[in-house]
Amino acid sequence: MKVSKTNKILCLCALVILTQVTTTLTGTQYYLTQLTMAAYYGLVVIGLGVLMGYAGQISIGHAGFFAIGGYISAAMTTHNLVQLQDTPIISFCSQMGLLMERQDIYGDQLLTFAPWAACVTALLLAALIAFFLGIPVLKLKGHYLAMATLGFGTIIYRLVLATPLFGEADGISEVPAFTLLPAIGSLPPIMVSGDFGLRVINYYLAWGVLIIGMILLLNLIDSRVGRALRSLHSSEEAAEASGVHTSGCKVYVFVISAVYAALAGVLLTHYNAGIGPSEASVMKSVRYVALVAVGGMTNLWGTLIVGISLTFLSLRGVFGSYDDAVFAAILIGVMLFSPAGILSLRGCLLPSKQEIAPAKEENL
Amino acid sequence: MTVDLFFQYLFAGVTYGSIYAIVAIGFNIIYNSTGIINFAQGEFVMLGGMISISLLQFMPLPLAIIVAVLATMLVGALVEILFIRWLERPSVMQMIIITIGVSILLREVALHIWGESIRSLPYFYGNEITTFSLGSVHISPQVLWVIAACGFMVCGLSLFFKFTPTGREMRACSVNRTAAILCGINTRNMVTFSFMLSAGIGAMAGCVMSPITYTQYDCGTGLAIKGFTVAILGGLGNSMAAVAAGLLLGIIEAFSVSVVPLAFQDAIAITILLIILFIKPHGLFGSSEAARLRDF
Amino acid sequence: MLELQAVHKKFGGLHAVNDVSFSVNEGTIKSVIGPNGAGKTTLFNLIAGNLPPTDGTILFQGKAIQGRKPHQVAARGMARTFQNIKLFHGMTALECVMVGCHTQSKAGFISGMLNTPFARKEEKAIRQRSMELLQLLEIEEFAEVEATSLAFGQQRAVELARALALNPRLLLLDEPAAGLNIYETAEISRLICKIREMGVTVLLVEHDMSLVMEISDEVVVLCFGEKIAEDTPENIQQNPEVIRIYLGEDE
């Protein structure tokens, strides 16, 4: 099993490189932009996949965590602190190297938080919110859980739309590039940015993050904790009797998937140099759920493949103005005909499994 | 706050509260017969409003409303027949995802038919500036229409569930589905019927509220969340309590306008929802044992 | 080992468990019997932490455990099985037993995600130990079979193995023979005795009188939530009160 996991990862790496080489050779490098974005969305989807598929907890509020990541880092890296320069807090931050000075397009001085400081803050905040939201919310089941997470997503959306700091309906633009490694010698700098010259680097960066994220989650699923998660999905009572602290496990996996979403939000915001309120909308959350469901609830690879390909097609505008409708139709179709996902052969076995276990309903 | 202003807020609250209550009753009808929370409930409301607005070009207002309600009931029945009816033992997760998918489909269809423009029915009586005066308080006649429609629906449903054979059969299904099957009740048809009923009720709400709140292709989601809040607040399945909870939420929202910016108004309902879910998930008026009230 | 002192449980107006006291001595097999609705399963849920008692004390290895969560009780060395077998879907028999090793291992989220050497070593140990348990219960050939697709008797054995994986001091068995034929019952009875020989104390709820009388050291009889009798199997069979409950007034 271990070997096949490693092999799959290697195949994925090879595919990533092959795609890049092909686009360069055929002069279709513009595809890389959408592939990069798709990889970041893929990060959200696999994080949600572990939460939904393995731990069995639905979340219709993951766009909220994506938005927390994106908006916090965008606001911190664009909000000008020049006026506050002399306050003790800001000068302390400045001494700690948390700030970044640059000039805006009009040549005025701009003092903001450095992207990495913003990134860390955003991730911590997302984790904290997920933790404190998760404790009460994950006690709920089924419809209640769905509505509560939907409600959380809607609150974030409303807050974003109504807060001047977050640009209200316009969102935040002119988010600076996120420099991970400065230029060393003749090597170009490694930064998350939508700059055309950095397209290839960003492509590899996004996929690198995605693959690492995938490896971590695959490890998690195969680990002791992953087994505990799968067991509580099936029967919370039996899992508890086996000594699994079910509520704790659920909260932690919720936090992990929230951090995945937030990280994707941070990176994509720097890549796009901005973020708008539509990223926080309920429709986005539903879309993530759809991608997980279509890929197969307990099939992280399926989730990844479907998530990336459908997101890519959607970003290319293949579905035109029917984008949301296509997602809805796919969602319904998969749930009706193959609830275990289109890539899962177990789809046809599932009904018989449910007959053996009529208790399935209470386990959501 | 002056007494006048107080009553002005109060009436606004009661108006919105009635609408929320109607949406919540729609949730409850389907929940009682199937155990499903129909996430597309808000879209029925939107469809009712939209269809009646379109029909208004061809027929007088009362007829347009009736036809719109019937058409929406047909949509409700279709939704059930196409997506729900033939599922064997669907899991809760499956049902949630399917009804969410249906809600998006309906919304997208509406977007392609009616576009993004905001529409509304004309006031049933008078126009925007017509008011009744109750002492020094001014009330739009449409407010009375909304309240009357809500009252009419609640009474009608109680009578329906109490005195008609179909109503009794639906109640039987909600109490014990297996037993109902054994008594020869066609439970599948009852489920279809409950979808029609709740679609019709939603459409009715969509019509009476349209002059006040306007109708847009995406107005359903917000209403669905509010309606669900109310349904939870009253205890799922308990429609009388839903009316009380609806009025409560409407009034809280109306008065909150004087404290919180308008943009955060939706957040208030959701915050209430979350708090209720955390501390008393069976509703303010429900207990865990009597989570389903059998009588309307 | 386990001691119940004046335990009460009320559901609304219903007194499901009323002033029940008894103790289970180390290394013995004790059975709880009683007619349907006597409060046996409620009693089990109280002991295992699924329900908090309304009143009374439950001591396990000298420490009060009432009101503790099931996973905390499990971590202290009390394992249980369920009347309607609760195995995990989509997991092999081996994996089910490995879940039972949860309290015996430590690797958390971080070490699991990073697949640290510690986690890998622990994983190997868990796998080995689970396999041994399957061998002990004579179902090792089904290790890689999906647990929920096994025959009923084998599923019971997997559940037993999962419970034993906790390395329990006390094992609660909720109707271990329910739904089994006489051969399978005999098999289970043999396994329970084998488990006792390993030094595990057993408390079981059972309807099958032949099983109860055969393996128990002591029997507690419950009726309408109250303890009617507590004695050796031989004496219980002679007890007029018990006979009256089981066979009716006229006997």
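To keep things simple, chains are lettered A, B and C as they appear, and every chain counts its residues starting from 1.
Here, a residue touches a chain if its C-beta (ideal position, glycine included) is under 8 Å from a C-beta of that chain, and two chains touch if they have at least 3 such contacts.
Note that this is a predicted model, so its numbers are computed, not measured.
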item	value
Of all other chains, the one whose Cα centre sits farthest from chain A	C
Chain nearest the overall Cα centroid	A
Chain A and chain B, separation of their C-alpha mean positions in angstrom	34
Chain A and chain C, separation of their C-alpha mean positions in angstrom	42
Separation of mean Cα positions, chain C and chain B [Å, integer]	48
Junction residues of chain A - those touching two or more other chains	360
Residue numbers on chain C that touch chain A, as the complex places them	48, 50, 69-71, 74-75, 79-80, 82, 84, 86-91, 95-96, 98-103, 105, 107-109, 111-115, 119, 122-123, 126, 148-149, 162-163, 165-166
Residue ranges of chain A touching chain C (in the complex, touch as defined)	216-217, 219-220, 222-228, 230-231, 234-235, 237-246, 252-253, 256, 298, 353, 356-357, 359-360
Chain A-facing residues of chain B, complex	37, 39, 83, 87-89, 91-94, 96-98, 100-102, 104-105, 107-109, 112, 221, 225, 228-229, 232, 261, 263-264, 266-267, 270-271, 273-274, 277-278, 281
Residue numbers on chain A that touch chain B, as the complex places them	52, 56, 58, 60, 136-137, 139-144, 146-148, 150-152, 154-155, 158-159, 161-162, 282-283, 286, 289-290, 293, 297, 321-322, 324-325, 327-329, 331-332, 335-336, 339, 351, 354-355, 358, 360-361, 364
